Structure formats: structure tokens, C-alpha cells
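Got a structure here, written out as C-alpha cells. Questions coming.
To keep things simple, chains are lettered A, B, C and D as they appear, and every chain counts its residues starting from 1.
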């Protein structure tokens, strides 16, 4: 991290950036009110810090020890007054502000009729973003892998349905990119690129998706600590794409015997992540619980704990669904979740503003 | 489990109970509106089920497969209409009903002045039960183990302070029993006997505390599944003591790197336990987080998720405290937690009643 | 899974295979001594099982419930006498037989001189396969990602060094494929394609690597159960590539406080996997321990527990290494590991043969 | 920790010890060849370190930061040349030396005939210590809890059988103390007091068992880190009882899906504990695996990894056993385990001596 002199000229800044690029790294220029800092992105062994320190206009070269620098609240707070919390704008929807944003839709897009009907009903229930899987990550090669896995033509058709359904009912759309080769195709059609929990550690996928410039929703892997989660999110940021939405969806259960939920939802991660970074953090209760009767309770808990939103699997007839039938709720149930969430959010926001 | 004939006489019931006792087991007689069932408690290998089935008045002998029978909602639902959810009454305080009950106090009782001052201030903030540690479970033999560990006289004095402080400000009191030998002494002074997370697997302690007949708050071990937690709670119930309050306080973190909280609070366990059993379930955010800045968020989340109450470490000057200084909040902060909890509780109760 | 009649003709078999392919699935034909079975690979919802049952030559259509069918010992045992344990042949090296195979080399290939010197020294110590990282998976975008991440030319050059070093000292070579886009390039140069623990859940990568037809070493993810590990390995097998070598390298530590190792090596997985599947299973003690002083002990333990081999990070001067300096051992230490391993292996093989 | 002057007199040492005791702590006097150090045991807040530093003969008062001081190799190494590894002597059996010690016997003592027959057969197979449960820790109150739970008379009778069987066949005996109230009764009859995994955190039980002066085998809790395990073992040491044998028996499985073993045996803990402390560490493969077909493999792995011994559940007819039928092996199988263990141990000892 290079702290420039107060009166550093544009040319001096450019020279430093060029020097950094020459060595195969990227530079992240942050213009503050009084200061300019240049973050180094990439393998820092390739460049000499002492040479950088000698360049004109450079005040100091500072080594930052935390594994995630780019998204750290401390890192930004130290130098720049303005950057507080990042609000990711997707169409008219603001993610990361006071009002929680609910994303809803079926686990998998199965047909045009299905996605249009669900879009209509979740919109009426209050959802702001439409989600639906085209490429499904599955534990078994013998299971349904989503329409997208049947070939490019089928993928393109399903993506068109999703986009059209969102357009018709005024919602930006989100789907998962499961493999690198799907990246550009998906980016043509959707507003938010989702990276699933299983791919959180897949740094090449993160970089490639980051390069599209589209907002990215990154789910925490079920075996990852919060530190690892934040550290991997930087692979997206490092591509110059700061529109990253983090998503907690449960970690692996521990212990002998039945936990009665598929994963353990770690709601403590929500305030922790808000404290550590400026990125929005939302919660996926559907995959954490794996059963529909807990969605209301876990959704309310997530919002009361400070989550910026929820992503909830919804279907007009869950039993009919090919995948995740057990954990989807109906649009009617979704309406209660959204209503209660908004009311709870207002209460906790009052107290939070008072104390800050 | 023995299902008696509709017209079974009192004598027939008594004969079955006597037969059970003769073989060294205990009997739990549940009188329903139409039916009587007799639960067997203890090692079922000692008695012949087919002999029992032949006794006069016995309709059927049913084997129940779940490891926890006595507290199972299914087990009670099947035969008895009236037993819904158990409300544990402690003085005037009802635990398990619609309104969440907040228990508060210092980690450790340190002096008469300290506990009286805290009692006064948490009462003013809205707390209903006063808690304070006399015997502290500690990882290191080199740490402060609570006043109780200094000898019986010191233990008795600290217990008297705690009781007197509760009495003065109209709150029942709770403290932890860490070892079997402390059981009867503690039972002389307190209204709720707490068994800490580290002792959850200590079946001899559970039985002995259960025998006192006092309400028991049992914390989930940080390495235990929900199934194990429920199964061990039956060691208390099996002593004929149904006043058991369960408490979720976090499970061990998983994964490489920092989770930023001491434990992972498993709020999914709250609705799961309400679904599986008729016992009240409360949440301890203080030990789960291990840091005071998360207490508000986790408390609101717990109540929104349906918890029947909270137990929160509180101190007028946390920095002064010998133990757990980092995780205690002030009475002023407690007031916000309680106010927000009550407001959130009312919202979620509305929706829950509507849907049930 | 389709069981054909004893006298089923080649044409009948072909018809069934064609029918399966027509519906977008693949067919795995297993010719036994007396029986032919055809395994279905892919989403089984796309095809009618009852129609298949009616085709000429089909005796029975059997649904298999375990999530991994293709690699299951039970599945193969049931019908085919010959398929016992799979021995993966790489050049002259046999992996999966009686004698454990040791793979060794640096964490990362850093220069031509480095890899040639290490190749020479590990060969002298008794290693059979040369390993070295070109693309390094790293938690932080700010760390060295391997020479391969600097561009295709650098990747190709490093791959050439690795292959040449292996050729010079008579060892097949192995390197990790971290992202899909690297697959074909890596396949040009190496004998075994490694998929790292972090990518175990990346089904698109597994399929693409499987398609190359090269032997694949798949590491278990640190958050994966054995069941998940086996289930994901089938994404490779489903491409018709049965040369899969499984590798246990430790799971995430559980609990508060220091475990003193980076991961927990699950050696129970070794005999379990040998029991469940016919695939070879080897152990990586270097990444599990994260410290060189445990490598000897964990290596001996792995071999005594029945592992078919070891992969051990080795460097002539560990302190000089850019990555994983703490966990690499020297070629001298490697020699002791290999000698002890071979001696232990002979002892345990004697007992195992006696009891089987 | 108080370091005395080289020429400190006995009286000066006594004065320091008295001062420590006056404040309610205990003192651990270690007489080295050249130096005397006095360890403080108990709550260090009760005493002024600066006052101690001013006492005659005191050279320095040193604060030690690791949570376990008494058993730390570093702590003893620093000052005393002689204390290397502790060998626990039980009758003629040496635990902690070069030769691994095998402890065997049934899960539960069920009858006089049963324990005598097993004693005879495990002795013939090469076992050195006879184990058998009188008080069984069980997850369900509805399961068999051991003969000891039926009353004191039954407990005493079963303890007599166990002792007599050991005496008859020349083996010291071991049984588990599950609750504090059982301590003195058990100590009357057995040579090694076992504390089970579930009670590892029960500090009052540890202290009380430590006070008996008998050797104690302490099992690691399945949710405990190595650091916690070592820290809790000090509750025994702090009673002046250094005859502590540590036992690794598996930690809770992590992840979705089947791990195929009841617990994950953490064999990395074996060399780690040997490095951190001077206490012997043995392994219990029976409870870790929960299935008999893995006992041979895990036993060999444990010994190859450096364990000082094994404790293995053995029964002449496992199917007959009331508890743990699935995981007991026969005396014939035990013989193979012991023979292979001794042979493997000799190999690895050769290499270890060479390198140290």
C-alpha cells in the first residue's frame, strides 16, 4: 500500500501505477479528500518495496498484515473519510442500505411457465430480485444438474426465460455460475452473478466472474471461516469489481447425532462482517435449514441480526419441484417473511442509529 | 411405554407401576383426558415387555425409538391433548410463554456490593432473573475459579449475597452447579440450578441436580448435536423433574482462520427444539460471542428466531470484572436489548399465531 | 443399472446403449464373466426405467441407492468377479498395489535449477513420482500464485522444466490443475493431473480434467465427509476415466484453542475408502501437518493404516522456498520416511493377507 | 513460577512455599541439578508477585503464558535437565517407554465368568492391563448404564471381580470413574482410574480423582482441541499427581454425509502431545472407529505414529455383549494387533533414536 504525499501530482501517481503494472501487479488508486493511496494487487514478491518508496511523490510504503486488505473497513477508514458502507446498485434496487432486500425464486428454472408464474407471485409478495438456477451444483453425478448442463442452446433458452420473467415483473435477475466456461454466457443475461458455496475456494472462477464487471453474490463455503470467506472475496475485488454481495448460508454441522438442519446458520457472521468490511452481507436461510418450516424463524433472526437482505427459495408448488422440494416455501409464506422482516428491520435500525 | 385400557382401574395402574419398580426402573404416569400411559425410565433390559403386556388393564406395550422419549412432543402429542408447551414457573416469572424472559447479572459474584449494585441496575433495565457465578468452570487450573472454590464458608457467603440481592430487587436467582458435591448447598439458596455447557455430558451431575426438584437450566455442550442435547436433558426429567429450561450458547467454530466469535451460535436449534420438545429454550449470546459489541445483534436475532428468553452477562463496569470482562455489557446496553427484544417478540408472535 | 440376460447379444447391448445415449445420458458397459451390466451415468430423470426394462435382452433394471455407484465395491462385487482393486499404471509405476508409492517434490516449481536438483535428490531417496506446483491455490490474492499464474508462456516453460526433470531421472510427473482453463495445457505435459482440496467440489473442473483421459489425483476437501469425497470422484469416472487416485490430506480442526496442526489427518478414511471402493487411496501428510517435524510420524502412520502411497513436499533447502517453507522436508529426511514406510508396509501386508 | 537463587537454603524455599500456601495456592517444588523452581498452582490473582520477588533466596518470578504449565516440556526443559519423559509405573508395567503397552478387556463387566474368561484370553494375546467398565456413560437414560449404576453393592461386587481377574492373570486393572461420588470406591479396587471423554471438562471430578494418588488415564473430549486437553489434564497434576496417561480417542466428525466412522481419530495429536509434554499418550481405536473391522489398521497407524500404547475393547464373543458389540474384537484378533504393533514399534523407534 503506497501512501502518496499530499501534493503528489497526477503524473507522479501515474508513474507509480506504471511501475506497479510493469512488474505484473495491478494498482488500486483510492482518491481521498486529502490523501491518495495506491493499493497493490497481486503477488507482492515481484516488486521491490524499497524502490517504490524512493519514487517522487511517494510518502510511505506500508505493509498491511490482514489477509484481506481491499475490503477491510480498517484499511479504508484509515485514509478516506467517505468510504463507509458500500451500497450495490442493481437497477433500482439498493443492496447494503437500511432496508433489507429480499431475493426469491425457484431452486431451478424448469420451464418458461414455471419461472413466469413464480416471478409474478414473488413480486406480489414483495421480492425485489428474481433468482433461479440454470446450472445446479450437485453432490451426485446421477442427479439433475439444471437445464444449463444439457447444452448451450438449452442454457441460453433458460437464461432468456429468466431475464424475460424478471423484465416482465420489474425485477433484476440472478443465477449461479458453476464453472468458468459458463461465465460469459451467463453475464450476457443476468444482473447479478452468483457464485455458490461449493465454488467459494475456486479462485480462477472468482477472478473470471469478477472480470465481467457485473455485481457478484458470493456465498460462504460451509467449511470456511469468516477470515477465509473475506480473503477469497478479494479475488473478485482485485479485478476492479467492488460490487460484491456476501452471503452467509450455513456451515457444516459438528457433533454426533442429528442436528435437524442441513447446515448451521452462523448469524454471528453477519455483524462480524459488517464490522470488518464495507460490503453488504445477506443470508440464505433455505440452504442452511434444508426444511421449509424453519424459513420464517431464520429469516426474522437474520434480519434482526442486521443482515442486508435474504435469498429465499420459493415455488408455487414446492412438491412439484425437481430440486430442493423440501426447503422451498410458497409465495404466501414469503409475504409473511418479507412483512415481518421489514417491521423488524425498522426496530433494530432505530437502536443501531442511536448507539452509533 | 405402556398404554393402559380406557377403563383401567387405579389398582391396575398401581400394579403396573409396582412391577416396573420391582425391576429397578422408574415409572412416569401420564394421565390424559381419555388415556393413561406409563413411561418406563431406566435400563429397559431389566424387565420383560411381554410379561408387562399380559398384565390386567394393559392395552399395549409400545417401543419408542427416539433416544429422548420423555421430552418428545411426538410422544406426548400422540396420547395427551393437554400437554402442549411447558411453562416453567419460578416465583412469579413464567419461562416458556409468549413473553421472553431476560436473565442478567455478572459472570462471577465478586462481592456483596458488586452483586447488590448489579441486581438493582439489571432490574431497572427490565431483567426478570438474577444470575451470578459462584463456582466458575475454567480451562486453566491457574485461573480464578469463583468464590465458591475457596471453601464452603466462602461459597455459602456468596450464595447468601446472591439470594439477598435477588430478594431485595424482586428477582429469583440462578447460579451454576459445577460439581456433584456442590449440589445440595446450591439448592439451599437458589431458585434455578444452572448446569454449564462443559458439564452437559456429566450424567451423574444431571441426575443429582434433577433430584433436588428445583428448576434446572441446562446449557448445550459446544460439541453436542441437538439430538445429544435433548437426550442428556432426560437425565434430569428421569428424576421426575420436568422443570428443565434448555439453553443454546454456541458450538465450536469450524474451519481454518479466524471466526471472530468465540463460538458459533446455532439459532436454528431454537425452532428445532421447540418443534421436537415441549421444553422452553433460551439463548446465551454472551458466551457465544465472547465480545460485547455483538450482544445486541445476537439477542435480537435469538428473540426473532423464537427463543423464550436470554441470559446476558451484565456489569456496571465490565473492565473491572475478574472473569469475562470482554463479553459483559452495561445495564444501559441491557435496557436496549430488553426493549428491542420485547418489541420484536410481539411482531413475530403475531405471525406465528396466524400460521398455527 | 441395467442387468442384461445371460445370452444377450451384442446388438441388444448396443440397442440399450443407444437408447440411453438418445436421452442425453452416458452408458458404462461392464462385461463380466457371466453377466453384462450397463451403468447409467447422468441425470436419470431423463429416461424411463420401465421402457428400458421392456427392451430385448434386458433382464432387470436395478435402482442403486448409494450416491456413488460407479466406484462402489459393492456395485462391482455383485456382478463381476474380476474387478477387485484398481491399480493405476503411470509409466512403470503401479499405484494401488502392495508396495506404497511415494510422490515427492517442491511445493512450487520455482526455477529449472531448483526442479532438476530436487528431482535428482528425491529419486535417490526412493521417490517414484515427481510433483511440483505450477498453479498454486492461495487464500490471499496478495500471495505468490505459482509461475503458471504469470501467463501462458511462463506456465508452459515451467511445465517443460517439470517434465524434463522427471524424464531425466525416470519419474512420471504430477502437477495441480486449479482452473478449467488450465486443463488442456497441463495435460500436454504431465502424467498425473492433480485436483487440489479446494477444488474438490468443482464439478465442472472434475469433468473437464476427467475428459483428458489422464490419471487424476483427487484430494479430499477439508470440509467434506468421506461420502461427499467419493460422490464427487464420480464426476471424473463418469467421463469414462477410471484412473482416479484418491488422496486424504486432512480436515478442518474442530474446537477452541490450538490443535498444533494445520488440519486433522483422518487416517480412518484410508481403510474406509479401501472398503467402500476399488480405487487407490494415498495420503498427503505435508498439508495436513503444516510442519515438517510431524512428517515422519504421520507418514509411518498412514502406511501402517494401509495407504497406497504418500505425497510429500520436499526441498533441498526448505527455508529458501517461496511457499510452504514450514512443511517441506529434505531429501535426507525423505529417505528415512520411504525406508520406514516400505518396512512397515511389508509387516502389515502379511497380517492383512492372513486375515483375508 | 519462582526461580530460586543457586544457593537458596531449604528454609528460604520453605518460606516461599508457606507464603504461597498462606494465600490459598499450592506450590510445586522442582529440585533440579543446579536450580530450584517453585511452581504456583491455583488462582494467581490471590498473591502479589512483586512481594514474592522480594523474599530472600528468590532470584526471579517468571510469568508463564501457556495455559498448561505443569506438564509443559518447555517449562521443565528450561530449568531441569533430568525430567525428560515421564514413565508411569503400574505394578510391573511401564507406560511411556519404548515398548507400547496394550490395555484390553470388555466394554462392560457383565459377570464374573465373563471378566475371568476375557482376562485369561487377552493376557494370552499379549495385553498388559485389563480394562472393563463398571459405570458406563451413555447418551440415553434408557440404556444400560453398567452394573455399578444398580447400587453400591453391585458396584463393589463387579469391582471385586475385575480386581480378582486381573490378579489371577497378572495384570493391573483399569475402570472408568463417571461421577465424583464413585471416586473413593473405585480407588479401593483399581490400579488406573479412567476418566472418560465425556467427563474431560469436569474439573471437580478431575481434582477428586487426582487426589486419590492413583495413576489416571484421561481421555480427550471429542470436541476439545489439544490445547484444551492438555490444559484440563493439569487439574489432576495440580493435586500433586503426575501419573497421568493421556488418551486420544477421536473427535467429532465434520461435514455433510457419512464419515463411516463414529469419530475422527486425530493421530497428529500423538506426536504433538509428545512434543508439548512429558506425559505418555496412548490411543483408543475402538471408540474412534465404532466398528471392529478398522481396529487392526488404526492400531498399527497409532503405534507407527508414536503412541505409547493402545486401549482396545475385546470380547470372546462380541455379539453377546450388552454394550459396544459392534466395535469389540476377539482375543485372536487382538493377538495380531499386538504382534504387529510391537514389530512396527521397533522399526519406528530405530529411526526416531537416529534422528534425535
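In the analysis below, a contact is a pair of C-beta atoms (placed from the backbone, for glycine too) under 8 Å apart; a residue touches a chain by one contact, two chains touch by 3 or more.
Predicted, not measured: the structure shown is a model, and the values here were computed from it.
Chain centres were defined as the mean of their Cα atoms; on that basis the chain farthest from subunit D turns out to be A. The chain pair with the larger count of C-beta pairs in contact, out of B-C and C-D, is C-D.
In this assembly, the C-alpha centroid of subunit B lies 48 Å from the C-alpha centroid of subunit C.
Inter-chain spacing, taken between the CA centroids of subunit C and subunit D, is 38 Å. Among the residues of subunit C, those in touch with two or more other chains are 67, 139, 222-224, 228, 231, 252-257.
Partner subunit A is touched in their complex by these residues of subunit B: 67, 223-228, 231, 251-261, 264-272, 275-276, 288-289, 293-294, 296-298, 300-306, 336, 339-340, 343-344, 347-348, 351-352, 354-355. Those residues of subunit C that touch subunit A in the complex are listed here as 24, 40-45, 67-70, 137-145, 149-150, 178-182, 198-199, 201-205, 208, 221-224, 228, 231-232, 234-235, 238, 252, 254, 322. Subunit D makes touch with subunit A in their complex at residues 139, 222-223, 252-257, 262-263.
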